[in-house]
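One chain, chain A, links the two complexes that follow: it is found with chain B in the first and with chain C in the second.
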Partner chain A sequence: MALTAIGTVIALGLTACGGGGGTPAGTGGGTAAAGAKDAFNASLTSVWNPSTKKGGTVKMANPGTWDSLDPGDTYYGYSFNFIRLYGRALLMFKSAPGKDGNTLVPDLAESLGQASDDNKTWTYKLRTGVKYEDGTPVTSKDVAYAVSRAFDKEVLPHGPSYLNELLNWPKDYKGAFKEPDRDISSAIETPDDQTIVFHLKQPFGSFDYIVQMPMTMPVPKDKDTGTKYQEHVMSTGPYMFDTNEIGKSFSLKRNPNWDPATDPNRPALPDRYEVALNVNADDIDNRLISGDLQVEVSGVGMGQAALTRVLNDPALKERTDNPQLQRLWYVSIPPEVKPFDNIECRKAVQFAVDRTSVQRAWGGPLAGGDIATGMIPPSMDGYKQIALYDTPEGKGDVTKAKAALQACGQPNGFETNISYRAERPKEKAYAEALQQSLAKVGIKLTLKPFPQGDYFSLYAGKPAYVQENNIGLAVNGWGSDYPETYGFMQAIVDSRTIRDAGNYNLSVKIPEVDQLIDQIKGEADAAKRTELWSQVDQRVMEEAVTMPGVYARSLLMRGKGLTNVFVSDSQQMYDYVGLGVQ
Partner chain B sequence: MTAPLDVSGTSSEAPPETVLEGASGKAIAGRSLGQIAWMRLKRDKVAMAGATVVVLLIVMALLAPLIVSWLGHPPDEFHEDLVDPNTGVPVGAWGGMSSDFLFGLEPSNGRDLFSRVVYGARISLLIAFLATILSVLIGTILGVVAGYFRGWVDTLISRAMDVFLAFPLLVFAIALVGAIPESAFGLTGDSLRIALLIFIIGFFNWPYIGRIIRGQTLSLREREFVDAARSLGARGPYIIFRELLPNLIAPVLIYSTLLIPSNILFEAALSFLGVGVRPPTPTWGGMLADAVRYYTIPHFTIFPGMAIFITVLAFNLFGDGLRDAFDPRSR
Partner chain C sequence: MTTYIIRRLIGAVIMLLIVSMVTFAIFFLVPRLAGATPESLASRYAGRTATAETQKLIADRLGFNDPLVVQYGRFVKGLVAGSEFDTGASIEQCPAPCFGYSYITQQPVWPDLVDRSRVTLSLAVGAAAIWVFAGVAAGVVSALRRGSFFDRAAMGIALAGVSLPVFFTGMISLVFFSYSLGLTAPGGTYVDFTVNPAQWAYSLILPWITLAFLFAAGYARLTRAGMLETMNEDYVRTARAKGLPERTVVVKHGLRGALTPIVTIFGLDFGLLLGGAVLTESTFSLNGLGKYAIDAITNNDLPKVMGVTLLAAVFVVVANLIVDLLYAVVDPRVRLS
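Right after this comes the complex of A and B.
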């Protein structure tokens, strides 16, 4: 299964300068919305300023732009969150604060999927009475069409390819654009207008997590314009496009053909959404603080300049939330690169590293994240603290590291290289911090920046290159596509995913872990799966082939005048379905 | 060049006849062109100020370890306890400036900014000087050859200069530096990168000097003293080395002084774009690139920025003064 590094990575503080630096400090802090008290992290586990009042406009801005507004062609996390305003997939994540937001609920479908005994056939019944914005009823054939059009990665390149790989497509199928009349009943069947059946190649227990993604949002065949469909997506949700200038801005207005009776999940409070695109990130932060803007839609968190200001002003800090992301920054230690073929040398690195220094490099406990001890982030099943390489105050233990070096036969240390993505200042800071702490035990690191576009295809993700160029440590980061441990871990710890190039798993090749993963796939009991994932995590850390850095966090600011604000664990940012305005 | 003898020196205060006759009774010591230029330069206060700063910068670069051990901390040493862990901003006013940290600290990891600025001078000056020497060598040789031999040799070299001048140097440099292997030509790591930067900057800047030298040669080769040498049987190489080159030293010196600051800027630009010397080796351009993220903390931008500014200004002022001294008519 190919997991692509998802959109939350895009805007790592490369944008700066220009515009908006001139707002005087301290203005507009602390004026709480009427009836709600501002407090740090107020919307992480409960709804902040709850309200059922309808009307008003939510103003949003994006420092970049959508990969595409087309439900079959988008892969950014914030897009998955936002798209639920104008589209309905078979299932969706519940719009609820905290852990509750991790639950899947039926959306276009009446209930969660009905799986056959072997988990190879999944059936969904559609709700009746769901219509497009023009009044046409939605049928299961539209869902089938949407999935088969998204199959064509030449026309719609951005979206996830889970369904391409999971479903039993006919041989050499090219997608609905190129082969509109091909019989695809081996993959998808629509026995009637309200039923859709998916046939999988192999058993897959977490299929519900896949169909909550936007590629199952219905697309009417006669309105489909291929690459241009994103200019006018036919809405099935409570909002439809009013204006839409790709790359500049768009706005949503109420969809008159959306029937609340068919939709228990969406309060649909505001009348209107206005979204500006490609806005300077610092400008967005300043406007959020002043109240001119309510949501930074990409959810990456405040930039360095605003951060300094917000954290030094208690009134402003009260307006922020600091959610933990399902994202891990870590270092891979490929065991085929000498001297890391010896486990003691890998352990020496684990003991030598100053983890507080690593945390600072990522931006500190608030903007960076929490010190990680294992691979599974705390909000996911299977997480546990792993104490194998604990050192006093996390600052590294020179004695233990030296002992490990002795056992490795390199008592005076050794020289090796660390790779990172040149465009990312925080990865550079990470590499420099490691260089500093490892130097204390005589391990000399040379920094090797590589262009991020080719990082996995030509450099760190290519075993032959890694070995030839002695890349002993490789900075790596991973975020999940959906909040389920299998989806997060499989791509980075299963050795069978490793190919000649383009790998995200750079160092975990443990037969026992592979066996555990197979066991998890066949395990029906969720509690047992959780236990098995903990074992996987433990084994990976015992082999010391990865060195976890931080479980990432972001610092978000609640816009002025918003109601019903909360962060859900599935979105790891404000849930856009729940928002309202005063 | 013989013309500008009339301007300076106490001798010009005396009427020409007395000079010729030696009225004062003393023997008249002839002054070389260099002596005259030096005399003019000494009177140019701005140029001398520039020269002083240049000398100080060179001393600073050479003695960087000594200066840093005396006034600062090792340039790569982290001082994280002096930085706010949440915001990454140094604790204390003015970016943590104190008698201990003269320029304050770098955000996030708390490296000593003073030490890094001082060490940054080494890379900047080393690359700028060596690249300039390379440009001057190639430019002078090809310029003289083109100007002296004229004809197809001149056409060939002049067209080559046009090609080089039309080259998108910055883009090319980024591509080339990005693609270099870990070791080549018996060099590895940073020394290879420095060598490559010197080569790129030096090799592609020679036409600027080459054109000037060619023009000077074209006019010099028609002068009487060259004719005289030729009529006495002198051949190409002799004329070039004994007659032309000594007369070209002034323009070479002037334009190399003016090329150095532009090379410093070019190196800073490459470091800023992340294709210069690798971190954590401090470079001024690289520090500026890091500072962009922290633009609300001005000290981080100001010190490396001022270092580049002062260096470039000093070289330019000195170079201008030098040119005026050798050739006052160009004023």
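Right after this comes the complex of A and C.
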């Protein structure tokens, strides 16, 4: 805890405390890191190689590419992390190691949201003096415009749709592109240039978590080029785009109109960020090891080829961190697919599975993750160990499984199919591990791979297809949008999210769970929300409609020459706002 | 000769039309036959939070509800006369030749293809120079010294070159030469020729050698076999009997005779390579056409996949045309009438 606190202070650069502790963020000078000793997991709960030295270039590479650099059109976790370098949302997660990084702090706003008594109206006051890269002052109208343009999912399809669903938009509203002059005061008001008021359809106690997302980063209406805006985003953060070749590379340089006095959250140490896109993943790992590259920006962790090398070399392993992610790999068990309409058959599967083989399939404890017993990952509120389907050493219990099969009326087992995404070898290994486990009790699984691009829209996420094709088990995975349990759980356990196709919740249709979620939405007391989420998790597991696999982990490597490296729990990867260069 | 060229050009255009139809059918007809609806096709461009209504709007806007013939006609018209695309917020121009418009990256495909072609062309030209020189030279020397240590070693290495996939030799050479010895550039550090020719060569030398290693092997074996055959021909004996120097006999008589199949295969190989050296570009993170195609396939970005496919077909057709014309130079027996 003490380490966390010290790390936080250093990361934020609020006070000088020796040993590389900082001067106030954004001021010149600073001290160079003397060099830190490498150690496994050294940056999980504290800052590794703290420094306030400014200058240098951070070299990053991405095995894929951004969905979009437009703050209103992006939904990748690493993008939410990185975008804070060139954009400022109303709030942000504190740039701090470990759990402290889960704390919301004001960014463009002066303070956290002021909620009305019924949690239906949320007001934010903007800081004065915040400017775009061209020197134009940021106003609350720019934030309102940003939110209303992001409403149009036909034009900007990638971003989250929380604000579309939560705010009280006028009837049949189509967004700022199609209805630029529509009165949206039922959803957003800007009584003056520094104030923005959000009106919600129903009470929502966690609204602050929503407005920390990039869609509240201001966009000047006269500079908005619609789908082309990602080619030149108007920066409000410490960095602005220098070059930008979509799909190939981009670089950031310092934004001369960023005033550190308006921004206590960003130390802005490097002079420059260079990001290469669509780089071979194995090549990225090798370059990280050799020191030619400093950050794998997508934060997915090292690939299998490098893992073997790193884990067998103590010197390399000391350069790595193994954070637990707010991501769960699991199997959905649709209760409408026979014989899983009988809860005992679902329980038979839960008891039969060798969970250690599942963990191995995902890459073992370091690269794969920890064996999961419920749907809520350990770092989120509401998590608890659920012992409903515990078996000796986690290796499965054939006796209990057979008893459940007997109760289900299938004493000799049955045949069913398991779907997974064909392009994902670990999902295939997961399905094979389940196939072997369940075969021991007579449940014969046939593997059904489907293309990942259509997995949810045409196959596993389409209830009609699932039923017609007897998909009794469907490999599934889910990550948190923000480190609050609502953001993680609602999409995968609320039955009211289920549509004709494109579902992520494939199997949880429990009215009691839906009621609990409604109760949580209106509950302002965080402790009570936590308790209610535990009840939700317990109920889902009692119904046995999902079978948790692993709470995911990744293995990250600290690039050579970096300073101020730490993993923030909110980002679940290195926090890019804090980084510096030696 | 002119008639021949015109005839071949018309043939090439027809071939490209057929390729475009087949490609279009694969991407737009086959999914429909497999049960895909306009909305499910649109879902690829609609993001993960899209409602059914949004998917329908996008399907309408992208014209997925129109008959396939209309969609194909629109595509061909774009190729010759340019096109306009409604992004929902604005109308984007796609000047001719419009190879499509990516709704994922919100960019016309053609400028991307031109940009990526530079990388692929750089890779292909350098590698081709190495493999043709090394492969043909090794094949000639092996044939002339049949059964020698050089012959056996060269053919052994050639066999290894053919057998080892680029992603294996590429990764091994990257780890050894770039990351351990620091002699060559790491992957993903391509510098354009116009920016710095020396850096351009430095960034490409390892991909050139890796790719050339794969191709040189085949050329060495082909040249060796051809040379062994031609060097036993009567006209070679006659040339020697006339008292011509051995170098002239080998180069002007032996090699020239053995060159015809090599030119043929080179045309095909080079044409295919210009369409994208998928494995080499992926291994070395070169943003050429091959990597562009792979990334497009991964993202289900159909307009890009179609664009690369068509451009690759153009390269192959043109390369073959050039090869046919070169036959006349290499082999005087060929008459282009």
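Here is the rule we go by: the second predicted complex is superposed on the first by the 548 of 582 C-alpha atoms of A that agree within 3 Å, B and C clash if a C-alpha of one lies under 4 Å from a C-alpha of the other, contacts with A are read in each partner's own complex, and residues count from 1 in each chain.
Please note the rule applied: a contact is a pair of C-beta atoms (placed from the backbone, for glycine too) under 8 Å apart; a residue touches a chain by one contact, two chains touch by 3 or more.
Keep in mind that this is a model prediction, so the values were computed, not measured.
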Given the superposition on chain A, are chain B and chain C in a clash or a fit? fit
Scan A:Gly247 for contacts with chain B and chain C and give back first, second, both or neither. second
Of the two partner chains, chain B (first) and chain C (second), which one does A:Asp263 touch, if any: first, second, both, or neither? neither
Would you check which partner chain A:Asn280 touches, where first means chain B only, second means chain C only, and both and neither mean what they say? second
Tell me which partner A:Asp381 touches in the superposition: chain B (first), chain C (second), both or neither. neither
Looking at A:Ser457, would you say it contacts chain B, chain C, both, or neither? Reply first, second, both or neither. second
Which superposed partner A:Val155 touches (first chain B, second chain C, both, neither): second
Chain A residues touched - chain C or chain B, whichever exceeds: C
Applying the touch criterion given at the start, work out whether A:Asp107 contacts chain B, chain C, both or neither, answering first, second, both or neither. neither
On the combined arrangement from the superposition, state the nearest Cα-Cα distance between chain B and chain C in Å. 5
Which parts of chain A are touched by chain B and by chain C alike? 423
List the residues on chain C that touch chain A in their complex, please. 35-36, 40, 43-52, 54-55, 57-58, 61, 87-90, 92, 105-107, 112, 171, 174-175, 178-179, 186-188, 282-285, 287, 291, 295, 298-300
What residues of chain B sit close enough to touch chain A in their complex? 76-78, 80, 83-89, 108-109, 178, 182, 189, 274, 278-280, 290, 292-297
For the complex, give me every residue of chain A touching chain B. 13, 16-17, 21, 304-305, 307-309, 311-312, 356-357, 359-361, 363-367, 422-423, 425, 428-429, 431-433, 435-436, 446-449, 451, 469
Please output the residues of chain A touching chain C within their complex, sorted ascending. 61, 64-65, 67, 75, 152-155, 157-161, 164, 177-178, 225-228, 230, 246-248, 276, 278-280, 282-284, 286-287, 289-290, 292-293, 423, 453-454, 457-458, 499-502
